[in-house]
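Chain naming follows the written order as A, B, C and D, and within any one chain the residues start at number 1.
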């Protein structure tokens, strides 16, 4: 009983620490990715390659003056960012990152808690997520904010339907609502993943899920609630400093949640795309070693003077990491983490890629797309899946 | 790890129901009145789930599930009606919407 | 521990419910109602109703109440007038309400003595699988009827809320 | 054997023609209507020839009514009695359907006529095939319905609809008796199946059987137009002539005789009931014959003749000679159908003229009609070797065996029959033509059925030895052949013919002077003994006036309307008081609902839900 509590607390601290760091650096990654898409360097000044930029941002946001306009509805104005942040982080509780591991003689799952109805829990939490934005916009007592939150509410309600339907079809294949069992049911290689496996590969559901997820996170091309050229800054027009940061972080947290869900539902979670005996466990080592060797090469032929020291150091770190991945002792838990991270990272990259590429939709196009195309497509997919599953059983 | 008496759940349900009734009786905004109805439905759902526990049968869950379905339908239509009323009357005060009598 | 959890969430529920009734602004009432629903979801979990708890949050808090908030925001409904013209309600209401509550509590007390108790894990047949099985066997007809009802509600809502096209 | 096909085929014809006939061409309607009846005839023939009918053959289909002790199955049965009826109904029915093509060619509502005829065939065959009283009653009522529909076929004419109503209402009286009989049978026998009822009949007390017999007889009197319920049949001539031939001469009106014969095992143990039948039969025969003497409408003459001949059949079954009754039923179907169809041909030739006084000398103009009708007239007059002689003779023999006075009255009636039938023939076909229309012979499609029926009328007595065929069904009656009686009845027929010839051909003025000599009697007979007027004064007027004075002005206006209005007024007053509650304010309504629920919960708690 006591050990259960201790382990839970430790896991919670580790997971949330990692998550918050990831949130901070996700921002940096996004700026970098978009910068490179737009052929510019992006953050570069603070630390090497701007690596310390998130720290600077945090310091800036914390030390800014906490403005609170006089015309707002105080209670809800203050509650909204809190609500948004809390709900965004809550889903992480049930997301499994890897299989059971043994640390110091204690067997535990790489997951805060497993629910029989994990999928429903995530859905439930994400469905309440809209309150943060809606209340923020309403309590600001500002017409841009109100318009932004109205758009956001309508958009999130609308896209929740195709999202739920897209989630339902892989559930039919896996026959469980527990996220952990969901991954177990897809174990054994890429052709067993719900996105690819028979009788009906859920590739369409996957695409629908991703599109709806973009809308749920208010991401480009569905970022109407904060369309700055129409609505100033949308629902968070009146927010500043840490309250603004909360909305910002909750958006990124939602992105991470959604990417995790996509990974778990469609891409087999922490399972390698092919079995370890065909060398899937060597992939991280090869990648890291390649990166390390490239860094060493550039360190020998530096463009700039300081690269002569920094690049070989980075290369050494990469090579060390590559070596670590070869240790059998850590491989059992590091490999799942690597694959999970790789899959989530790819989806997150897709988020950024789309943001860097696509223009924003018009509002009526947004709603029309949800109801006229996405919803029927998801419905059809679900029906076909259900039929084929029933046929097969 | 004390067990909770079943009667507590039912009393909670009764209290919530009574509060719903109170909201219905004393509030003037159509929307709040509507929300009071939802509160009463929730209270009833709690009773169903409690009875389900007591009888060790799943049927109560089904009933509350159907209550939710009906509540959803009711909300959709009811809110549409409220929208229409507001569009025509420019008011949400329930006492001003009594043209069935006049 | 069950008692503690129950008491915490029961108190939250009742406090939120009182807030629903006493707040003058609809949106505050709505948020309080979401609070009631959330606490009830926890209590459902306590009673072993996993699926219903999730459905409670998804359907009630996540869809119906969002719709309410949305409409309140759309209509920009302000605080309601304090003066009403339902003397009957104010005259009859409080004593009747007290009597109603008293009788209900009395009946509950009599019908459910203290030996009947509930604890977490005492009922494990509220999973999605169990509910689904009952839903698609015993309650198939009501289920179909409910789906038709929903369809009718959708059409009705669309017809009602549509802008006049003339 | 799929007996159900026999009635089902005409039903299909009815449904197809009735539902879609409006859009069909006449030839398609003909094909459907006649095809269905012809197929039905063929199937019936196959059943009759293919089955060993010495014992009843029953087919069970489904349980129709299941209620407590009452179980009614939808069963059909065939025995030799049924076989005779099946042949008569489908055979003559088919001929008359064919005849109707020509007769109805220029009438409106063509598809309606054939649909109704097919429906009639369905019900008549159901009646005949029924294996219990209730299914029989379905057919019984169904043929009544079709009779009503077809009498009122020209529904835009007042007299036609009136005649239809009259037939329907008068038949209700008979049906009332039939219904009571069924209740009584079920109460005492616990079943309505023929097999079960007739099997138990021997062991039941005579008084009970007599009551059942008399009630059944009442039903039969209504359907078969016996005294005192015969009044509807002459009026029923308002329908098209093929209808008169099929329904009101050959088939439906004989249903009463069939039903009585079918119930022989009840009657045989109830001599009083049989006596009643015989007496009613002979009285009807005589009474109708006297009326027939003075009628001028050719169809009316034959209508009264039908009533009279039905009386003969009743005498037959009433005297225990069931097979003789059925025999006469069959031969009568031949020659009376022929007489009606022939008169229809005459009417057709004269473009609708029905009055004998406006005919005459048609012998040469419509030769075939004349020849065939002569066959029928000789047959009905009972002249050997035509069909009517054999059956009538069998009945009269049985009557003499029972009570000689029956025989003598029957013989006199036979003479009158010969007289009025030949009177009609002579008036129509001999002498000078007195009408204005230009007569023309009927089309071949009408003449062929006439010819076939003429052959049957002439040779039917030889061809179908019905009494021997039915020997297996009915109890055998040993009646010695008596050439003297046979001669006397034949002579009576010949005398009637001679008298008719004398009065209407040889000395045309004689009839009028004779009528003047017995003026009072002639007026009485000419006006059908004022029976309709008496009924009107004794039954119809009191009912109408009583209803108007008491039921309408007192009961309806006073009590029923008063109650209704009073309820309305009270409701209005109470509503007026309750209106004060309706403030239009939802919240006060809610308060009242809350009040109500508190009361209910308290009541439930107090009433014992909680102790």
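As a working rule, a contact is a pair of C-beta atoms (placed from the backbone, for glycine too) under 8 Å apart; a residue touches a chain by one contact, two chains touch by 3 or more.
Since we're looking at a predicted model, the values are computed, not measured.
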Original post:
Distance-wise, how many Å sit between the C-alpha centres of chain A and chain B, to the nearest whole number?
Top reply: 37
**OP:** Determine the centre-to-centre distance between chain B and chain C, using the mean Cα coordinates as centres, and give it in whole Å.
**Re:** 5
Subject >> Centre-of-Cα separation between chain D and chain A, whole angstrom >> reply: 91
Subject >> Distance between chain centroids, defined by C-alpha means - chain B, chain D (Å) >> reply: 70
Subject >> Residues within chain C bordering two or more other chains >> reply: 51, 55, 63, 67, 74, 84-86, 89, 93, 97, 100, 104
**OP:** Would you mind listing the residues of chain B that make contact with two or more other chains?
**Re:** 21, 25-26, 28, 95
Original post:
By residue number and range, which residues of chain A touch two or more other chains?
Top reply: none
Original post:
Which word fits how the chains touch one another: line, ring, star, complete or other?
Top reply: other
Subject >> All pairs of touching chains, each written as two labels joined by a dash >> reply: A-C, B-C, B-D, C-D
**OP:** Provide the residue numbers of chain B that touch chain D in the complex, in ascending order.
**Re:** 21, 24-26, 28, 33, 94-95, 97-102
**OP:** State the interface residues of chain C toward chain B in the complex, per the touch definition above.
**Re:** 1-3, 6, 10, 13-14, 17-18, 20-21, 26, 29-30, 33, 36-37, 40, 43-44, 46-49, 51-52, 55-56, 59-60, 63-65, 67-68, 71-72, 74-75, 77, 80-81, 84-86, 89-90, 93, 97, 100-101, 104-105, 108-109, 112-114, 116-119, 122-123, 125-126, 130-131, 134-135, 138-139, 142, 146, 149-150, 152-154, 156-158, 160-161
**OP:** Would you mind writing out the residues of chain B in touch with chain C in their complex?
**Re:** 1-12, 14-23, 25-29, 31-32, 34-36, 38-39, 42, 45-46, 49-50, 52-54, 56-59, 61-62, 64-66, 68-77, 79-84, 86, 92-93, 95
Subject >> Complex contact set, residues of chain C against chain D >> reply: 84-89, 91-93, 96-97, 99-100, 103-104, 106-107, 110-111
Original post:
In the complex formed with chain C, which residues of chain A make contact?
Top reply: 75-76, 115-117, 120-121, 123-125, 127-128, 130-131, 134-135, 137-138, 146, 149-150, 153-154, 156-157, 160, 177
